[in-house]
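Multiple structures are listed underneath, in structure tokens.
Okay, so subunit A shows up in both of these, paired with subunit B first and subunit C after.
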Partner chain A sequence: MNKRTLEGHIFKAISYIAAAITLLALVGILGRITLEALPSLSLYFIITPESDVPGLGGGIANAIAGTLLLSILSTALATPLAVGTAVYLKRYAKPGILVRAFGFLLDVLAGTPSIVLGIFGLLFLVYYMKFVTGGFSLIAGTIALTILILPVIERAAEGAIDTVPSELEEASYALGASKWDTVRRITVPFALTGILTGMVLGIGRAAEESAVVILTAGYTQFMPEFKVLPREGFLFGMKIYPFQDLTAALPITVYRSFEFPHLIPASNGFAAAFVLIVIVMLINAATRMLLWRSRIG
Partner chain B sequence: MAQITHYFLKMNPDELRSKLPHLLLLTCVLATAAITLFFIAFIFKTALPVFESQGLGFITGTKWSYSEQVYGIRIFIIGTLVMTAVTLLLAVPLSVFTAIFLSEFAPVRVAGIMRPTIELLVGIPSVVYGIFGLFVLENIFQDHIDPFLSGTLGFIPFFSDPSPNSGTGVLLASTILAVMILPTIIALSEDAMRAVPFEYKEASFALGATHWETIRKVVLPTASGGILAATVLGMMRAMGETMAIVMLLGNSAHIPSSVLDTGYAMTSKILNDIGYYCAMDEPRSALFGIAAVLFAMEIIFVAAARKIGGKL
Partner chain C sequence: MNIGTIIKNLFTGMWEDTRAVSPIVATLVLVVVAITGAAAVGTIMGTFSSDVSDQSNTGELTSASSTEILIAGSTTVQPVSELLAEAYMDEHQGVKITVQGGGSGAGVSSTGLDIVDIGAASRDPKSEETAKFPDIKTHKIGGSAVVVIVNKDTNLINATKDVINDAYVNHSFGGNLSTITKVFDRSEASGTEETFCKWIGNTTFHSDVVGKSGNAGVLKAVEDTKNSIGFVDFGFADGSDDVIAIGLIDGGKLYSVTEDNIKDQLKTDGTSTVTYPYKMARPLNYMTNGEPNSMEQAFITFARSPGAATYFEECGYFPVTSIA
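Moving on to the complex of A and B:
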């Protein structure tokens, strides 16, 4: 065997080993989390809020409800803004320095360390805007998370619009359709798959975020309530539940097993982590199935 | 207001129908820009008083004391930088070779299974990596890896173990961070390698180069921009990470003397203290100052990544 073939074999072996290490590390972590979660994982644990269990830990229904509310509401807020922005940038704006500057701004927003966004939320939304948001609350958390996932959905929507064949749009214009009709009837429907994927990415990103949520939504052991109570010092003199109320989230439940190691068993934290990962993966898989079926039909 | 209403009333319905969506979409863009600019301005404006009172000492100083009103963040900056550097040393070679495996060597079916698996793992929350590192890896590091490293390589100061009774420290934090950013760097590097035109490789094969020589002299140089951008992206993620680092780096305010020593990162300092000092003007400004420095570093890296031409 000559030197060149030998070198090839050595580096091929290194590549195989690197891939094996990566796969082992990632699968090992998932497996170990599942294993550590098993002692706490039960139907009771999942459907009981922490407030119904004596002491700390023991139930995560409050956190599951909070995480779903936070991630779905923030995606619902961010999507129209993100898709509108993407459509304007791709179909209405004239390319130039302004569009490039705007792209840079979005990249900066996308790369923002979450703690920076977190303390912005804490000071501006929780502290200064307390009469509107009610302090640590679902609405403060939702707004902060909206800012976090806005660039995620916008980038996905831009990518999706790029895949629309220009022949389709030209055909629409040739038939005398206006710009808005073409965007509404051709561009957006064709890009819908990519936009939906972006929304799922947004939901996942919002569901797994911890630093922003802990500084804006706080934590509560209780399930979200739906009611309105009169309250001094609030906008319109009333407090609207659950929007102006504290909200729990699964990542914070996980974090609490670190904060209170002697009060909450570690397996509780791992079980909450396991449920969180399963929720994110289920949403992901469901969307893929949905898109796959709609493409066949 | 009346003028605006008048402006719309004057138009005929067709004109209105074409102008209104345009305005609506423009509003989306302006709102997004306004939110982002307000957010950036808010951070830097809240941080301004501490830069005025501390001057350059804010970045070079090593003393942080609320009672003496002295704020220097060199310890935290170096903590973050050391941790990020060790993370990249661990993550980049592993992910680049994994990406080479996926794009060049792996059978189609193996790559078809591995790729979505790795993509799925991007979705593991950082706080989960944190408790995994703390409850599972810390014991292993304390009992096996730290003693082994300081025993065999301890004569190099870089590998001595100043805290034999604890597994937390730079190496533990960096190991977890490396696993955390692996999927990102692998996916983006592989995309870059796959984007290399097949003709380039065919030309190299035709000249008699072996597969590895083609990878090293054709594929890697062509894809280097994308790989570099992926690395910058992973680095930004490691620098900005908060939850896992608070749990794993040890949070002791000194400059780490070796990779097994503890340290304190910028993000951890903000998270640990902001809850107590949010209501006090000066300490709050100091904590926002850390965030402003971190943010400025990030903006520079974003600009660099765009210059390289990677897609964020």
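Moving on to the complex of A and C:
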């Protein structure tokens, strides 16, 4: 065997081992969490809010509902902004120093530690804007999470728009289509797969986030309610549930079982973690199925 | 023109009429209408509810959603708060009390910033904090003290702080603790352990110190293990016949563990040792920004009532009724 074949084999083996370790870590983590979660995992545990069980822990329906609301609302809010920004930067803006500066700033935003956004949310959204957001609330949490995942989706959308073949767009212009027609019917549908990947990453990021959520949405033992009640000191003199109400989230539930191990069984925390993983997977699958049909290319 | 055409034209006309207004203008009009509507509904409901509450004489409760209380702060107080909140909500239908953690510092600052209704702290506000938030009112709801316990077969009755520190930090046993072989601490972060660490002046324990879960876990371990030592909140040691809460020798003086000594210490302002090392005892406080509103007052009164004592004892703490 000559030296070059040997080198090839060695690096092939290294990459196999790397892939195997990654896969093993994933299987190990999932398996361990599932095993530890089993004692608590029951339908009752999943559909009962913590407020209905005496003492701490015992139910996670409040956290499941909160996580769904937070991650879906923030992704729904971030996606139009992110795709709009990406289309502007890639199709409308004239390349130059401003566009590059903007791209750099987006990278800075993407690299901002979540605790910084959390403290910003606490001061600005929860404290200064209390009469609008209602203090610790779903709105405050959603806005803070939107800022957090905006660059993730925007970067993915930009990358996706770069993959759109220029022949397709040129053909569209040749047929007499306007710029807006081309963006709407060619560019965005072609880039949809990439944008989807960004959204899926965004949902995952929003669902797993704990620092931002605890500082802006707080935590509650109760299920989200849907109603409007009068409240002094709030905008229009009323409090709109669930938007201006406290919201729970699964990562906080996981943390609480670590914080009060003598009051909450550890399996409660693992069960919450297990449900969190399942929810993120389900949302991913649903988003893909919903938007898959609109793609072209 | 037949009727069919007329009807068709009518509908086409409607369609075209709506297009006569620019979509931008239409949106603006819609926004204005929505805001006016929302404001009107809010005002009407606000008026309506203050009428009702005036009639039912609930004082400053002018709105239905003021029947919500958010408590946040000390994780030491949190378990008691949860028990109190559950019991209070059982008795008062329609009241919603949410309990959050965060720590004593977060309890003080979020009360001062008015982003929570009641803050919780397992200490009194520091002077810097009261300077920053002068409106904070403190309501003592209870107290707690950490005691050092040994298995009853050891025949120990007291030990000095340095010897106890040695046992935990170096796993070496001198002085009165020479017969000890096994040391227990808490396996998780806890206010109890933090208090104990503050007293001995060390936060890192020797790797042979065995962690147990909760006050109950440490108590059980010391009860079941000969020649062992541990620390728990006073309420747990008091109920056990198999452990001895040993007297602590601090600064050359012996402080024996009796309920009276601890209560007397908890009655002081907590800045100096009188009958029990002051670092081992701490008050449990609720705080409000300014005077509490009637809802908050009602809950604080409940927490301070003799009927609530059982929830404090469940957590190993003293209710305020026994130390006031």
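The rule is simple: the second predicted complex is superposed on the first by the 258 of 297 C-alpha atoms of A that agree within 3 Å, B and C clash if a C-alpha of one lies under 4 Å from a C-alpha of the other, contacts with A are read in each partner's own complex, and residues count from 1 in each chain.
In this text, a contact is a pair of C-beta atoms (placed from the backbone, for glycine too) under 8 Å apart; a residue touches a chain by one contact, two chains touch by 3 or more.
If you're wondering where the values come from, they're calculated on a predicted model, not measured in any experiment.
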Which superposed partner A:59 touches (first subunit B, second subunit C, both, neither): neither
Partner chain(s) touched by A:49 [first = subunit B, second = subunit C, both, neither]: neither
Subunit B versus subunit C as contact partner of A:179, first or second or both or neither: first
Touched partner set for A:106, first subunit B, second subunit C, both or neither: first
A:258 touches, of subunit B and subunit C: first, second, both or neither? both
First (subunit B), second (subunit C), both or neither touched by A:127: both
Partner chain(s) touched by A:229 [first = subunit B, second = subunit C, both, neither]: second
Contacts of A:114 with subunit B and subunit C, given as first, second, both or neither: first
Subunit A residues touched by each partner, larger count belonging to subunit B or subunit C: B
Overlap of subunit C and subunit B interfaces on subunit A (superposed complexes): 122, 127, 258
List of subunit A residues in touch with subunit C within their complex: 54-56, 122, 126-127, 130, 135-136, 218-222, 228-232, 236-239, 246, 256, 258-263
Of all residues in subunit A, those that touch subunit B in their complex: 4-5, 7-8, 11-12, 14-19, 21-23, 25-27, 29-30, 32-33, 36, 80-85, 87-89, 92-93, 102, 104-120, 122-124, 127, 147, 150, 154-155, 178-180, 183-184, 204, 207-211, 215, 251, 254-255, 257-258, 266, 269-270, 273, 276-277, 280-281, 284
Sites on subunit C touched by subunit A in the complex: 38-39, 41-43, 45-46, 48-49, 62-66, 70, 72, 75, 78-79, 82-83, 86, 96, 98-101, 113-115, 187-189, 213-217
Of all residues in subunit B, those that touch subunit A in their complex: 17-18, 21-22, 24-29, 31-33, 35-37, 39-40, 42-43, 46, 93-95, 97-98, 100-102, 104-106, 114, 117-118, 120-121, 123-132, 134-136, 179, 182-183, 186, 210-213, 215-216, 233, 236, 239-243, 247, 267, 270-271, 274, 278-279, 284, 287-288, 291, 294-295, 298-299, 301-303, 305-306, 312
